[in-house]
Every structure is written in structure tokens, then in C-alpha cells.
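I've put the structures underneath this note.
Both complexes shown next keep chain A, but they swap its partner, so chain B is in the first and chain C is in the second.
Moving on, here comes the complex of A and B:
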């Protein structure tokens, strides 16, 4: 497949870097201010020079001398939407996806915004298009959360819960392990690059909540006999509490009882909740560090647990490229 | 889809029982000596009476007054092969699958024999047929092991390992928890119905080895550029050691070091090994009781762990019916 990669952050750059290994070629790359579009002159090498693009971004801060609109207008099969997650109208990511679908191309998203905040609008675009959308990379990084849930008979998944934010999980793991308080461990996480300079998206539970909203939309629309009747979720429907107010004393108290604290998100076809919870300290949900885990409750197959790396350029890119493979 | 269910043990009966919930109808059921075939007279209810079939099997030991050959000759879309696993020539299961494929129908297997012992022959039948085969239910019960591995880019899975036999795992879990020896816990497991009167298939590691052989075949054929060059595995290629000789003292010694013992199977595209191994006692591989876990090593996405119920009628039936859904 020919890919147009929109967004040149860690995920976009990894997709550009790895696409060839998956048998795909990158025909265009765009960041917020620039683009590079393959000219298709040499039919054997009609993709962009991946190494050059990544190097140019590192050295000059741009991917090429073209305009981002040129990437959206290029001749691609799949648009990879890897721009930063935005809330509300989920722009400009939503418009990138709309442009692809209106051109009857496919879109694969790593950007959670459109899938969490405008799921109904996306479904409408897909209904009117020959293209499809997929969004495995929006939930759980390398964990095939969305495809595993979708693979289970519609209506046979009653809930999905888990540890879905590696930053918050790293902080709680270190607080428990070292007996340190939140501020101290946050500073350590920022030094390591595990937490951002402004960590609120992660530590306030927003990132985990967006992922749960996406899962709730998948469950809701999957179970509905008529999609027109399916309830659509957005971030506003989520009941969210982060980890800023978890004191070190709570973790010590929990440990005396063989428990610990994890930021747990849960989605059903009816509700979305994110909050710190007590869990058995050696139990399944007590994954460590930046690991994620997704726990799927099913009607006939009991509970499935899938854990793995929740984030990272190559990890998320493998989820994106896995989705491209499912389109073929 | 119209299903012909061959095999009326726990798995076959559960498939008959649950097929309707998945939108499929059962048009024939066979056990080793009898069959029932829907007569198709009433077009709205052209399937068999599932409750009656299950009741008849319980009361009379047969499923109907027809001959098993009538089920194989019936008008179905998918043959469900759920007869007991046999080794070597994998008969009669292999012939049931061959009959379906030669009639250009699909076959979904819960029976490990043909997939572990005659994978190349199965591939040959599929090459000459309009039908496909699927075999999720042969590995890991409710865990979507095969489909998750298949969903990852060919060649990007370097190894699959795990706890794949619930009987052996239950015995080791109880030995560690109670400080009892193997013979004592085996008797308990047999009383509970977790171990068979002749437990050798489970405790000698044969069942786990067959599952690893199946995974090795999936990895080997998945990674090969030309299937004709792919190495085919059978049980004879597996290096297998069971749990009969694990003394209670080994578990006590392990516990002093924060470890325990689990029967671990591992498959790569080159090797298959099953043996008791020391694992961290609170680690990912130390699942408890009859749980199974599959650990997938990938090139770009790190390690994925999937755990869940490894066996059971409804659990295995959900894997079978999930495969039917993937055929559509």
C-alpha cells in the first residue's frame, strides 16, 4: 500500500522508518508546516527517501519543501493520521481523515482525538466512502486491544478495563517501590522522558479516559443492531480522576494489606470511568513501569488479559502498520 | 453459516449449544457411532434441535439415528472437527477435514491432531480447495493465540512461549501452595475432574507440546517466502519433559528464592521445547490453577502476554465460533 504519513513526531517518524519492512511505501510525509511528496518519476523507487526525511526533520525541523496540503492531495492508498491528539472538534486531525475518506482512500489513526470525540461523524464519513478507518494504535500501544475486542462476537464483550497510561503507571510503581511522594517521582519521570514537561494529559487521567471512550464507542456500536441507535461517547461522558492526589501514605497502607494503587480505566457499552484503584499487588492489573494491560470480560470465554508495551515510536508504528495490513 | 459438528464431547456439545447466539445454524451433528442431520423441510428452522441433540447424547449416548457418514455428506458451509486428538495419521479427524475440503467447504478444528501431525498435508488440501481451515481452538482455549500471532507481520514473531496445559499448571500450583507432592495433588485434580483417569497426555507434556508444534508450524509457514520451503513440524520434533518427576522439594527450594515451577512450552520457527522451568513466583508466566498464558516475542512491539481460560466447553466453543466468524 502507498502511505501518506501526516504527523512527523515519534510515531510518524517510526511509521516512515518501518513501512518498508511491512511491504508498504511512503509516498508523502507532512508535519505542521511542511511536506515531502514523492515525485513518482522512478517507478521502482516511487516512495520518499525515508532516511533522508527523518534526518531532515531532525536537522532542519521540517520534512521537506512542499506544503502540507500537497501531502493530503498526493496519490496514496492509506492516510496515516499521526498528528497530536486534540479534543473537541479534534482538528486538524479530523479534517485530514475526512479528506482521505472523501477521496475514497483509507485512514489509519494513531491520533485519539477524532475517534474519541467525533466517532459518529467518522462513521458517517465511512458510510459515504469506499475507504475504511482503523485505529488500533489509539489504545494500548503495541497491545492489539481494538482488534481483539472487535474479533469477539458483537455483544459478547461486557466490559474492557485496564492500565492504559504508562506515565501514570510508572509514577505509581515508583512511589510504591521507593516510598516517595508524587512530586518527587514526577520529577524523576520527567528527567527520564517518561513524563512531559506538562504532564497533565497523563497524570490527570485524560489520556486513559480518551482510550476508554474509544473502547466504549467500539463496544456500543459493535453491540447495536442498528448503528443509528448506538450511543456515542465523548470525553465529556467519562468520569475521570487522576493520580495527582494519591499520597505516598496510601501506597504504604495498601502494601500492608498486599495491595497497591493503579490508575484503572474501565469502559462498558454504558459507562466510562478512570480512577486510581486498589489492586492486589501481585495481581494481573498491577503491571509495572510503563507497561499497559487490557482486561476483556466476555460472555462465554471468561476474562482475557493482554499486556505489553503501551507506547513508543516502533511499538505504536507496529500497531499502525498492522492496521494497514488488515485493510488489504 | 451452516455447521456440521463432528464430535459430541464437551467442545462439540458446546458448539451445538452456542452456535445460534453467533448467528449460525447446526445442520448436522455426529459422534463416533451416530449422527443427526436436519432434514431441511421447514426452511425457517432448517437446523437441528440443539437442546434435543444434547439431551439425547446425555440420555442415550448417541446424537441421533443417522450414520456419521450422513453428517459428512450433509449440506453445510463449515465442518467443525471436534473429535478427540489422535497422533500420527491423526485419523479419523484428518479424513473428516479432507472430506470437507474436497467438497470445497471450510473446516474449523478444535482437534489438534491434524494441525500438529499433518500440517503440510492440510496446506496441500487447502491449496486445492475453495475452502479454508482455521484452528484457533487448538491452542490456548479462549486465548486468541493463533489469530494474534497471524495478525502480526510474517517474520516479526520470533518466539511464542507459555503455560498451555491447565491440568499440569493446576497440579504445580497446588503443589506449591500446599507443600504436597505430585501423587497427592494428582489425586485431588482427578477428583475435581481437572485431570483425567489417565492423565499422561497432560502431565507428560504431550498436550502442551502439540500446541507448541502447531505454533511452530504457524511461525514457520508464516515467515517463509515460499511455503514449499517452510519447515514442517510434528510432535516428533518436540523436545518434551513433563511434570511427573518434579518433587515437592523443588517447589519449596524455588519458593525460598522467590520462584516457582511451571510447565513452559516454547516454539520458534526452528525449535519446540516443553519442560518444567523455574519462573519468578509473582511473574507473568506464573499463572495459577487452570489458567493459560501465551507470551509472544515480536521484532518491533516487544513482548505481548495474553492470559485467560485455557480449556472448557464454552471457552473452546467460543474460539471455534470465532473462527467461523473469520471465515465470512
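Moving on, here comes the complex of A and C:
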């Protein structure tokens, strides 16, 4: 498949880097201010030189000398939307996907914004297009959460829950293990690059909530006989509590009783809830550090647990490229 | 024996007429649960069971929570037995006169146990009032409280509460705690109920 990668952060760069290994060719790469578009697409060597793109991004902060619009207009089969997640109108990611679908091309999203905030609009665009959308990378990084729910069939999944934010999980794990308070562990996480300078998105539960909203949309639209009857979820429908004010003493009390606290997200076709919850210390959901886990509750197949790396460039790119493979 | 009377459930202490099902309760055996606190020494459990069997209680189950400790560092044991109301009173008296600490005795069988964390200004917002209000919501009783206030009573503190809820009423009990937490601006960490496996 010929890929146009929009967004040159850790995920976009990893997709560019790994696409060849998966048998795909990158024909265009864009970041917010620049782009590089391949001249021809006749042979497997005619695509974008991915090493050069990654090097230019690192050295000069640009991916090439073309205009970002040129990448959207390039001759690709699949658009990879890997720009940063934005809320509300989910722009510019939403428009990038719309452009691809209006051109009857596929789109694979690593950007949570459009699938969490405008799922209904996306479904409408897909209905009028020969293109499809996929978005495995938006939930749980490398973990195949969306495709597993699809395989089981959303109508036979009663709930999906789990630990879906590695930063918050790292902080809770360290607080419990070292008996330290939130502020102390946050500073450590920032030093290690596990938490961002502004950690709000992770520690306030927004990121986990977006993932659960996406899962709720998958469940709701997937289970409905007629998509018009499906309930659409956005972040505003989620009940969200973060971990910012969880004191170290609460974690100690939990540990005395063989329990611990994890930021757990839960999605059904009717509700989305993210909150710190008490779980057994050695239980399945008490994954450590930056690990994520997705637990799927099914009607006929019991409970499935999938844990793994919930973030990271190559990990998320592997989910993106898995989606590209499903579109072939 | 006045000490022993303190442990007898109120409806029994008030006399037979006060029991909800009148005279039948005194003669029909029903299931009772007592929660005992034992010192972790050999023979303690057996010593606690004798007064029950010797006074006409028919033992049904014993839940010896070895992994748990009460706030006083002892081991909680929950014993279910069948007895008439009259014999039940005698059993509780006998246990106490043997020196066994009866933490809780009642005809109500609490089938579900749920542990929660509360944190915030627990002490400034009157912890004992909070606990009595949870007790007042008929779905649950507070079995155990552990408090941690590492920065003194004026700073935020944390508490772990073990609630015993009636069968099928865990959600109602949690709803009552949620409401209390909202009102007092406390944060509640709920368990993931029904998921633990």
C-alpha cells in the first residue's frame, strides 16, 4: 500500500521508519509546516526516503520542502493521521481524514480526536466513500483492543475496561511502591520522560477517557442494527476523575489490605467512566509501570485480558501498520 | 453480667415484643453471624467455638480471615450459626464471659463485603458523623475503619473502610457513600466490584 503520513511526531516517524518492513511504501510525509512528496511511484524505491525524512525532522524540524497540502493531495492508498490529538472539532485531524475519504482513499488514525469527538461525522463520511477508516492505534498503543472487540463482535461484548494511561499508571505504581506523594513521583516521571511537562491530559484522566469514549462508540455503533439508532459518545459523555489528589496515605491503606489503586477506564454501549479504583494488589488489572491492560467482558467467551505497551512510537506504529494490513 | 448485656442486639434487649416477627423469632432457629476478634495464638479459635456449641448453636460456617488484622492487630473471625433468638443471646453472653471480643453480633447476615477508600478533610468534616451516616443507610454497616493522617488532623487524610452490605445491596451502599462524599467534598475510591478474579 502507498501511505501518506500526516504528523511527524514519535508515531508518524516510526510509521515512516517501519512501513517498508511491513511491505508498504511511504509516498508522502507532512508535519504542521512542511512536507515531502515522492516524485514517482513506479518502483518500491521511488517512495520517500524515510531515513532522510527522520534525519531532517531531527536536524531542521521540517520533513521536507513541500507544502503540507501537497501530501494530502499525493497519490496514496491510505492516509495515516498521526497529528496530535485535539478536542472539540478535532481539527486539523478531522479534515485530513475527510480529504482522504472524499478522495475514496482509506484513513488510519493514531489521533484520538476525530474518533472520540466526531465519530458520527466520520461514519457519515465513510458511508459516502469507497474508503474505510481504522483506528486501532488510538486505544492502548500496541494492544489490539479495537480489532479484538470487532472479532468478538460488539454485540457480544458487554463491557471493556482497563488501564489505558501509562503515565498515570506509572505514577500510581511508584507512589505505592515507594510510599511517596504524587508531586514527588510526578517530578520523577517528568525527569524520565514518562510524564509531559504539562501532565494534565494524562493525570486528569482525559486521555484514558478519550480511549474509553472510542471503545463506547465501537460498542454502540457495532451493536446497532441501524447506525442511525446508535448512541454517539464524545468526551462530554464521560464521567472522569483523575489521580492528581490521591494521597500517598490512601495507597498505603490500600496496600495494608492487599489492594492498590489504578486509574480504571470502563466503557459499555451506554456509559463511559474513568476513575481511580481499588483493585487487588496482585490482580489482573494491577499492571505495573507504564504497562496497559484491556479487559473485555463477553457474552459467550468469558473475559479476555490483553496487556502490553500502551504508548511509544514503534509500539503505536505497529498498531497503525496492522490496520493498514487489514485494509489490503 | 451487665457487661454482657451491652453486646445483645437492641431488639433482643428490648424484650420479645419488640422483635419484628413477634413470638416466632424466639422459638424458630434462624441464622446468626457474629464477628469475633481473636489473638493469634493456638487454641483461640477452638476456645471461641465452644461457647457457641455448648449453648445450643448449630455451627454453619467459620470464616477465619488470617490474612487480615483488626486495628488492634488481632484476627477477625466470622462465625455463622443457627440458633433461636433466646439461645443466640445466651451464646453472645457466654462468648463475652469467656473473654472473647465480639465485634458484631446480629441476626442480619451481611453477604457482601466491600472495601473503599475515602480521602480529603476527613477529620475536619467530622469522621464519626460520616461513619454514622453510612451506618444509617440500611444497606450496609461499617465493619472496619483504618485512618491515616500523616500530616496531622488539619491536613488531608485517608481512610480505608470495610463495609458489609446486605445481599444485592452493595450498589445502594456505594451510592450512599458517594452522596456523602459529594456533600462533604471528600474523594471516594470505589472498588471494581464484581470484577475481581
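By definition in this document, the second predicted complex is superposed on the first by the 323 of 328 C-alpha atoms of A that agree within 3 Å, B and C clash if a C-alpha of one lies under 4 Å from a C-alpha of the other, contacts with A are read in each partner's own complex, and residues count from 1 in each chain.
By our rule, a residue touches a chain if its C-beta (ideal position, glycine included) is under 8 Å from a C-beta of that chain, and two chains touch if they have at least 3 such contacts.
Just so we're clear, the structure is a prediction, and the values are computed from it rather than from any experiment.
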Request  = Sticking to the clash and touch definitions up top, decide whether chain B and chain C on chain A clash or fit.
outcome  = fit
Query = Which partner does A:284 reach: the first (chain B), the second (chain C), both, or neither?
reply = both
Query = Is A:153 in contact with chain B, with chain C, with both, or with neither (first, second, both, neither)?
reply = first
Request  = Report for A:321: first if it touches chain B alone, second if chain C alone, otherwise both or neither.
outcome  = first
Angle at chain A between chain B and chain C, C-alpha centres, nearest 10 degrees = 70
Ask   = Is A:142 contacted by the first partner chain B, the second partner chain C, both or neither?
value = first
Task = Give one of first, second, both or neither to describe whether A:161 is in contact with chain B, with chain C, with both, or with none.
result = second
Message = Contact-wise, after the overlay, does A:298 reach chain B, chain C, both or neither (first, second, both, neither)?
response = first
Message = Between chain B and chain C, whom does A:106 touch in the aligned arrangement: first, second, both, or neither?
response = neither
Inquiry  = Contact-wise, after the overlay, does A:261 reach chain B, chain C, both or neither (first, second, both, neither)?
reply    = second
Query = Counting only touches as set out at the top, which of chain B and chain C does A:247 meet: first, second, both, neither?
reply = second
CA minimum distance (chain B, chain C), superposed complexes, angstrom = 9
Message = Quick check on the output: what are the common chain A residues between the chain B footprint and the chain C footprint?
response = 284, 303
Chain C contact footprint on chain A (complex, rising order) = 161, 241, 245-250, 252-254, 256-259, 261, 264, 275-280, 283-285, 295, 303
Query = Residues of chain C touching chain A in their complex?
reply = 67-68, 115-117, 119-120, 146, 148-150, 156-160, 162, 187, 189-192, 195-197
Chain A-facing residues of chain B, complex = 18, 21-22, 141-144, 147-148, 151-153, 156, 282, 284, 298, 300-309, 312, 314-315, 317-319, 321-322, 325-326
